[in-house]
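What follows is one structure encoded as structure tokens, with my remarks underneath.
Chain lettering (A, B, C and D) follows the sequence in which the chains are written, and residue indices restart at 1 in each chain.
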Amino acid sequence: MKLHEYQAKRIFARYGVPIPAGEVANTAAQAREIAQRLGKPAVIKSQVLVGGRGKAGGIKVAKTPDEAETLADQILGMEIKGLKVKRVLVDEAADIQDEIYLGMIVDRERRRVAMMASSEGGVDIEEVAATHPDAIKTIYIDPFLGIKPYQAIAVASALGIPPDQTRAFTKIATGLYRAFIESDADLAEINPLAVTGGGQLLAVDGKMVLDDNALFRHPDLEEMRDLAEEAPAETEARINGLSYVKLDGEIGCMVNGAGLAMATMDIVKHFGGSPANFLDIGGGAKSDKVAAALRIILSDPNVKAVLFNIFGGITRCDEVARGILVALEEVKPAVPMVARLVGTNEAEGRAILAEAQMITATTLADAAQKAVAAAKAR
Amino acid sequence: MSILVNKDTRLIVQGLTGREGKFHAEQMIAYGTHIVAGVTPGKGGESVLDVPIFNTVAEAVSATAANVSIIYVPARFAPDAILEAADAGVALVVCITEGVPVIDMITVRAYIDTTSTRLVGPNCPGVITPGEAKVGIMPGHIHMPGPVGIVSRSGTLTYEAVAALSEIGIGQSTVVGIGGDPVIGTKFIDVLEMFERDVETKHVVMIGEIGGNDEERAAEFIRQHMKTPVTGFIAGQTAPPGKRMGHAGAIISGGQGTAAEKIKALEAVGVPVAHHPGEIAEMVARRL
Amino acid sequence: MKLHEYQAKRIFARYGVPIPAGEVANTAAQAREIAQRLGKPAVIKSQVLVGGRGKAGGIKVAKTPDEAETLADQILGMEIKGLKVKRVLVDEAADIQDEIYLGMIVDRERRRVAMMASSEGGVDIEEVAATHPDAIKTIYIDPFLGIKPYQAIAVASALGIPPDQTRAFTKIATGLYRAFIESDADLAEINPLAVTGGGQLLAVDGKMVLDDNALFRHPDLEEMRDLAEEAPAETEARINGLSYVKLDGEIGCMVNGAGLAMATMDIVKHFGGSPANFLDIGGGAKSDKVAAALRIILSDPNVKAVLFNIFGGITRCDEVARGILVALEEVKPAVPMVARLVGTNEAEGRAILAEAQMITATTLADAAQKAVAAAKAR
Amino acid sequence: MSILVNKDTRLIVQGLTGREGKFHAEQMIAYGTHIVAGVTPGKGGESVLDVPIFNTVAEAVSATAANVSIIYVPARFAPDAILEAADAGVALVVCITEGVPVIDMITVRAYIDTTSTRLVGPNCPGVITPGEAKVGIMPGHIHMPGPVGIVSRSGTLTYEAVAALSEIGIGQSTVVGIGGDPVIGTKFIDVLEMFERDVETKHVVMIGEIGGNDEERAAEFIRQHMKTPVTGFIAGQTAPPGKRMGHAGAIISGGQGTAAEKIKALEAVGVPVAHHPGEIAEMVARRL
């Protein structure tokens, strides 16, 4: 789950990371009030869950409250990479002299949290990695010890952070690590960590992605979820415990198992079609889950055919077939459907589907080809 | 021969008294697996499916000389269950549970590495040695004994490959689902090494997917250490970047972990990669 | 640093360990009020930093507030093992059905915190260890993982704690471990952990000893120190950074280094004397520290002779000698003094001491014999 | 020969810019120890006593190929300093600092055990190989090279023994102060093992004290593994139970760790125990 900049920064601040004074506004009038309260030039920052907000014109500096209102009015309602801006963060503008990058991710190979830092802040770390890999200092944090002061000092030393800022940097690095661990993050990033004219360190921008699997122990963070930023189909999938990713093709896929679901997308492509989605109904799915899955697939207007690929193991084919029937009752789809059910209770499953007008197949290759042909025929 | 589990496997089921645990225990017993104990705190002294229940893994091990444990407890309890099994000296722990937080797995794995216990999973279908022991949730009946070792990050995709192989009369030595999470107990390389040492495994099928670089590291391992031929498959050629494809570990991030890179790495070391799952069995048949 | 029962229990309670309702009283009238508020039979418990309070008559049950006042009056002012009772804890009396022992210490050999539990609670664990070692279940806690639920469950299972109390027991064990670690304890003990008639678990008595070396990070715990329970000489030693333990002999010893200080006591005994104290002035001690040390030694009326044993390494003999002179000015001791100064600046040290009326020696054996003889001569 | 430190020792001083660190560094240099670097965060680039200062141990090691580090930082910073040195790959870390909390040392020791670094201390006088290198705070001039290895939990008590030996012309191979804390990096057994393997150490003096049971375990080790004769001394025969005698580890608790027990254990395995420090040198002289 991605967090908005203002949410990430508030979490960081709880762990002692200094952030600029600022508040969130839903209207231009609110933005004006906040700028007034700050009493200083302000940055108006669109809060949408995509990168490149600055380049898209979603971040502007206002010298006066009047200007803050005008700029907020421009930014609110703007569309950035398909996402409508519904709120802006109004932050006190910082006197930025230098920009540092400081980020943490899980390094899968080393099975450690990796802290990456670079004196080339303000740009994407991938860009720095590609152009100046030497500018990045990476340390790996022992899960039992946590980040130790000497590690933060080593990073500060490598980045050329002056001694009088090293203590502040150590506090920030330690705070960011604690925020990462205690929020169960997949990513936590301060970019830039600004060095101000006064020699202070300030987290001017923040980003955080949380581990969905750990949200059960963070009800407070789960509440930060911005449903408005999520496609309705994604929300429905999540609520129903389905893994769903929308793609831009025309063949809807309903599969049990993530690997098989990817392989199904791939084979559709292999035979000249284009998958409309990734959808894993998971192990042991019952009919209500299947029905929800079908509703989600058919809610995509691009879908010209649906391919069911079920390999019965824990998931019983008859259960899936029954779910399909329930869903068909409800949504009465106008597109052709190809079903391939094999494995546990496959005969029963096929018998149930015999009622419905469906194209059947036994191999995945056959099913994919039939789905592609059916979609092309429309 | 085979790897990891066989007819000498004496299995503990952690979470046997739960719905899932009981359902799969029944299937495993039906397959012929020796389940010697169940563990559920507070239910010690009871029995389920004629299997005695103990309060702790240590008690179960000392009473039954169990050597393998399988875990079916909810994600929030799974890390503790793994640690408990390792502390009780169980040689192999198979964790089926899906949805264990990554941070927990970092800790668990760091601790497990200081013990002699091997962990498979979490978020995996388990391990089966056809005709000997099934320690997992895979449909047993599609398997048959034979010369092909399979290692995979995926569940149902593996069943596809197994079923197709069995259909044309090619059996499996052992099939290992290592799981789809970013941090897991056993990786491709570990299993490839075991297959390489196993005299009855004449061919290996390795089924990977997007995310991470374990397939690339496996390719390097194959180049340096393996004589046994390997056939590959990688799922997710059409997966978009930055999106988690069901498995927590199946994500292309920062342009890293694409299927194309993995296929390239495997082909570069002489591992042919199937275009779709249906091809896997055909390719193995041709090369065996 | 030892804590009082009421202090230990309050710390445990902060970590979720259930304790009886109760308050501390300094007077019998206060005890009455507390008992009144509790509205139930109360236990009046003397708060002194020694064991065996029950046997000494320092713990009594009062059925009524009247009785609470009477008993508190008896207990307050009582002397237990030489310590005067200045306050009592008035706790709601628990309906105790069973008594469990639960304690934690650092196991030096394994370098782990060891949790020991026994179903034979209410008596000293050493006694149980001697008579029923099988009744004690010990687990060792990994410093990185901390106590895990399965460990607490294993202990509960070994103790025969019924399933419906296992969860409560796990919470208590976990709480006690956290209290131990987060307070930097040397010992944390609940004895007994009572099982009440209602099946609840309740920490009826608690004991905690803190690691003096870690008090710097626990100013709140340092404040719990009961100066009234400490001999004035011990307080002065602590404030001056000296290690001092009073013994009951007649030869005062001032030594640099703990091992040498013990060896000095031993050799005094070996030559027929009896040491009045252990006193280590530490490495690099300056004259003010030496003066404080001499004051502390001479404050003991049993002291008939003083033995200075200084092996100069970091500690310079001339500094010590100067300290001795300063102290002599101040306290004008009436007892004979034997000085043995060797090592760094030993010549200068001896020259300085030449002014004072002191017996000198070069070997430790010689010094000890001279001190013993001097003490006997008085 | 010798153990732990010698003329190839390339020493880092952590805390060289502090009062204590500088004082002792001066003494060590005067003794002939090669101090190649100091470490103080934020003072990298400066120099003290002509020794270059670095911000981190890793930088110091990579610039100077240092192999030993000595720590003189305050107790609250000492655990971090030890971990830093270990992470930088320093082979031997000597921690002089007194007053490190036990809970910290449990963690540090558990981590150190996963590395190849050896820790001596904390709360110890250090290690000296007379005539080659002094890595500690002991008065160098009382030592002389020779055949006696000394290992001790105490500081000044050891100086007594050393001075008495040197006075009668018996030199020392290496003198190791392991420290008086309950949890330390190197114990009697570790050092006894090193002395046993060192061909130039013909006799070992072991100086113990009350608290714990390391002397008893050492006695068992001597019985099973040592040919080199050992002479012992145990301080604290007159120490009362339950009181900490200066060293955090010197305490008789629950009736355990008395001097009488330790003396008995040593004598039972043929290690004569001196009655007072003055006797140690005489006994060694008789037995050498």
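Keep in mind that, in the parts below, contacts are C-beta pairs under 8 Å (C-beta built on N, C-alpha and C of every residue); 3 or more make two chains touch, one makes a residue touch a chain.
Bear in mind that the values here come from a model prediction, so they are computed numbers and not experimental data.
Contact with chain A and chain C alike is made by B, D.
Of the two chain pairs examined here, A-D and C-D, it is C-D that is joined by more C-beta pairs in contact. Taking each chain's centre as the average of its CA atoms, chain B and chain C sit 54 Å apart. Averaged C-alpha coordinates put the centre of chain C at 28 Å from the centre of chain D.
If you average the CA atoms of chain B and of chain D, the two centres end up 49 Å from each other. Touching two or more other chains at once are residues 107, 110 of chain B. Chain A has residues 142-145 in contact with two or more other chains.
On the chain B side of its complex with chain C, the touching residues are 41-44, 55-59, 77, 80-81, 83-84, 87, 107, 110-111.
For chain A in complex with chain B, the touching residues are 106, 108-109, 111-113, 126, 129, 142-144, 181, 184, 186, 211-214, 216-217, 243, 245, 247, 255-263, 265-270, 275, 278, 280, 283, 311-314, 342-344, 363-365, 368. Only residues 142, 144-145, 148-150, 153-154, 157, 163-164, 166 of chain C touch chain B when the two sit together in their complex. Residue ranges of chain B in contact with chain A, taken from their complex: 75-76, 99-107, 109-110, 125, 137-139, 142, 152-160, 163, 180, 182-183, 207, 209-210, 212-214, 217, 233, 235-240, 243-250, 254-255, 259, 275-278.
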